[in-house]
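Labels run A, B, C and D following the written order; every chain starts at residue 1.
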Amino acid sequence: MSKLALDGVIAYPVTPFDPADGGVDTVRLAALVDRLVDAGVHAVAPLGSTGESAYLDDAEWRTAAETAVGAVAGRVPTVVGIAELTTRGAVERARFAERAGADAVMVLPLSYWRLDEREVTRHFTAVADAVGIEVMVYNNPATAGIDLSPEQLVGLVESVENITMVKESSGDLQRMHRLAQLSGGELPFYNGSNPLALPAFVAGAAGWCTAAPCLAPEPVLTLHRAVRSGELATAREVFGRLLPLLQFIVSGGLPTTVKAGLALRGTPAGTPRPPLLPLDGARSGQLAALLRELDGHPAPLAA
Amino acid sequence: MSKLALDGVIAYPVTPFDPADGGVDTVRLAALVDRLVDAGVHAVAPLGSTGESAYLDDAEWRTAAETAVGAVAGRVPTVVGIAELTTRGAVERARFAERAGADAVMVLPLSYWRLDEREVTRHFTAVADAVGIEVMVYNNPATAGIDLSPEQLVGLVESVENITMVKESSGDLQRMHRLAQLSGGELPFYNGSNPLALPAFVAGAAGWCTAAPCLAPEPVLTLHRAVRSGELATAREVFGRLLPLLQFIVSGGLPTTVKAGLALRGTPAGTPRPPLLPLDGARSGQLAALLRELDGHPAPLAA
Amino acid sequence: MSKLALDGVIAYPVTPFDPADGGVDTVRLAALVDRLVDAGVHAVAPLGSTGESAYLDDAEWRTAAETAVGAVAGRVPTVVGIAELTTRGAVERARFAERAGADAVMVLPLSYWRLDEREVTRHFTAVADAVGIEVMVYNNPATAGIDLSPEQLVGLVESVENITMVKESSGDLQRMHRLAQLSGGELPFYNGSNPLALPAFVAGAAGWCTAAPCLAPEPVLTLHRAVRSGELATAREVFGRLLPLLQFIVSGGLPTTVKAGLALRGTPAGTPRPPLLPLDGARSGQLAALLRELDGHPAPLAA
Amino acid sequence: MSKLALDGVIAYPVTPFDPADGGVDTVRLAALVDRLVDAGVHAVAPLGSTGESAYLDDAEWRTAAETAVGAVAGRVPTVVGIAELTTRGAVERARFAERAGADAVMVLPLSYWRLDEREVTRHFTAVADAVGIEVMVYNNPATAGIDLSPEQLVGLVESVENITMVKESSGDLQRMHRLAQLSGGELPFYNGSNPLALPAFVAGAAGWCTAAPCLAPEPVLTLHRAVRSGELATAREVFGRLLPLLQFIVSGGLPTTVKAGLALRGTPAGTPRPPLLPLDGARSGQLAALLRELDGHPAPLAA
């Protein structure tokens, strides 16, 4: 059972880089985390896919983890992302996150050589055994190169004490139905597919893992409140307004588009790390238009 | 614009076969259609995938179409399914359906040789031009062997006057969001993926195309009513109870499982046509258990 | 064991349609078959995918089968294609083919509802049991909507006496290696993927099922001869010259492109049946250039 | 144009780990490389996928690179593998490889966030610009998470002077035909899909990138000689004998199976790095049987 009982919006900050030397910009990272907490998000998840975790070297990763945990300062839970090719690397980063004060780690098993179920289980178990904090296991075939079934994920929760949460980012809503069914509705699972935010909540998701609050925290939080209070019409209206932005940031890549959006918002966070390239001018223009539309003029999903 | 304004549950009867000669059992088909209308469904769609339309010869197909339309007797709209490899065959069946009194035809472009966009457009347009009734265009890559994008489907609605409705059965909820967005919420679209029934309604679907009312009309209709009246908690509870049945009939093939279920319900409809085989004993037992559970003991999706 | 012992080039004629009424043009079909036999192909396979078998009604299909078998006149074996959704339909066509004098039937199990292994086995077995001639079972997931593994195909050959040959059109060369391994090199298997013609022969294919002889019989037969006599350099040179044509006719759809090519060759065969559309002007121009190049100027695969 | 003119068997050593501390076992790596060169392979490629390159930290990677280049000692060309998520990391490793004396680097662009064509081009170009040695660009969607088309690969060769070679590991033979066509047969391309070894040579591959010589160098080299001298029958016979081993090492993962095989050969190289697990007992038994069969009793592909 999860003692954290995370519920709501889990916000994913980007990792700002210094334009001069390309290193982690701790001042801007702390400021971004601070804005997210101030806006009212229910948890912060640094060093996720959005945070370019996989592209950082060890020293950078540790700096970013410490900075983010420090900026949250215990006001909400902090869930630190771990996406490592080796079990050894994942264990080391998880231990570091715990020492830095993280409340939980979210673990994505990167695949180079295809991993079988036994290898995935050993990877997750080794990380969980190495720390005392809770572990969220995470399925994201598009970035990880491996697809974990609901049965496998629920099996991990049932067999390892501090694996207590599941994140699902495959984009297949039926996986979430299955997670609810397999656990009798008891397992807290989290949706990582932005364009499924509303249906995932309807399917029983305990939370929404999203970088969207970096650019538009208010409608994200309003959507969650509307769902929790059973106001379906409001939830649909807000989701319809948000959806074009969610579709845009997903299709363009989260670090790329969110960093471009932060520049448009007047709080620049540098550019993503190569081989990722900055959003080009035409698409930055589209993003600016989407943000203006969202700020000013509602565009409901359906009449 | 659709004048039919179909909204709600569109029920798909199987086509019962006579155990003696394997031909269409018109008495049982009429009785099944009658039970569906009596139960309160909002439309009836004979000769869909569930109705084994693709496995019938011309004479059988015509008999089934006439029988079903006659049994509905104008009490609700009838939408007749057309799944033909040739444009000529599709046109002939659509014309026959219109003469028999159908209110609309639902057209699925079966693919043997891969069709390009121009060929699909010509197929749909030829059918629509051949009749005066409304046409629902239909995407179902798993059975049709061709995948039609939301852009293509909306383009057909915009360019052909009596193409007024879209059915989406790909199982990808984001296609439905896209249909709503592309049409400014104006296009009536219908969900054909049973395990997505609730999220599809939340995404704005005008209706649910489903064979489930053959076996359990009451919860299907309750789900629709709860969604339309904004009772999200009730909708989630009913959907959670229905979901195991919906998953079962989809994964086992609709004609196969629904015919097995009708036998269990005491209203046998024969077996599916070879190469389809009847549901085996073990899975019939599972289906019986699911129906008992659904009839008696609620199994909610989540607490 | 196959008594036919088919080896070499199995030519697939298109089914010419009469420009006036759209019906089967028996005169042109017979002439095309005659030209193929005269050119030296080792067998003729009417009513394959190339022959638009799936788009013909019963009467047309029978006419085409009788015409083709009659035109071959026993000079080489005739293998008639059967691609039917129902087992009943497949059995009827197979019986007709046998009565018409075919030496074998090639059976493709079209899938509308997904068939499980048991259903596929029953379908093939029912057809084989209904005739005394040999049966070639056929895997072509792109057109049939179902993918049959080498293990399943070899299992059918081992368990049903007159299922004696396998055709593989998935485009995965490793399937052919597997067919050879599973049968200890004893099973005659046939390649239906044109752009793999040479590697399939090297992998042990007994024959090449191809529509290319309709347009260019000489290099097709030369390739076969070179492989059989171990002249690898010649085989590679001829295959390199043929490959652009093979790639073109596959990517554009065989009936569409081969009918366009026959018109360019001065032996028109009408247009494919809608929803298939004739090759457009730009691509007909490309095809004309490919044929001129093939006729006149060699374009080897590699120096 | 490639000045290296690599032709033949490019052997991929595993990276042995010390059973005691898990670090790189330089003595055994040097010995393995030495055996490969002595056996007659035409080039050595340390730190490929087989070499668990992606699982090594910077210091380990440099140690392995220096050890391997030193052990080759200029007797044949050395091609060092680079599989990095960041462009910066790839550039640094490529520069190190050049300084260590490598003749070329083979670059695989690992994908976490999906890379567009522009990003892939920049990644490859940055690496090539950073070194004076030749660069082999490499497509392997299964491990890299990104699929590079023949058009894109040939485009890189045409536009960047020291990008001179392409490796294709997608398993789709038609990609190799396309590489040959696009370059008029001029581009040296290399096959990385073991079970396609013979057909790839027939398609014009300049070489075969393979870990199989770690376990069975003789038949691998015999296959190459037979192809180059046009002895098709011998090539087919040897390939048929090798194929079960090639299929086994690919399906079980190269580092996992090759390390198990090296232990069976009496030249242990430790176990793969977690999350990879050693081959289990049952499959080690299968591998032992395959090696015995290959050593003693020929099992031809076809009679």
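Here is the rule we go by: a contact is a pair of C-beta atoms (placed from the backbone, for glycine too) under 8 Å apart; a residue touches a chain by one contact, two chains touch by 3 or more.
Owing to the predicted nature of the structure, the values given are computational and were not obtained by experimental measurement.
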Most remote chain, CA-based centroid, reference being subunit C: A
Homomeric contact subunit B-subunit C: same or different residue positions, threshold half: same
Distance between the centres, which are taken as Cα means, of subunit B and subunit A, whole angstrom: 37
Chain centre separation in whole Å, for subunit D relative to subunit B (CA means): 52
Overlap residues in subunit A, where contacts from two or more other chains coincide: none
Pairwise chain contacts, counting only pairs that touch as defined: A-B, A-D, B-C, C-D
Residue ranges of subunit A touching subunit B (in the complex, touch as defined): 171-174, 177, 180-181, 184-186, 195-196, 198-199, 202-204, 230, 232-233, 236, 240, 243-244, 300-303
Subunit D contact footprint on subunit A (complex, rising order): 22, 49, 54-55, 83, 85-88, 109-110, 112-115, 118-120, 122-123, 126, 142-143, 145, 253-256, 272-277
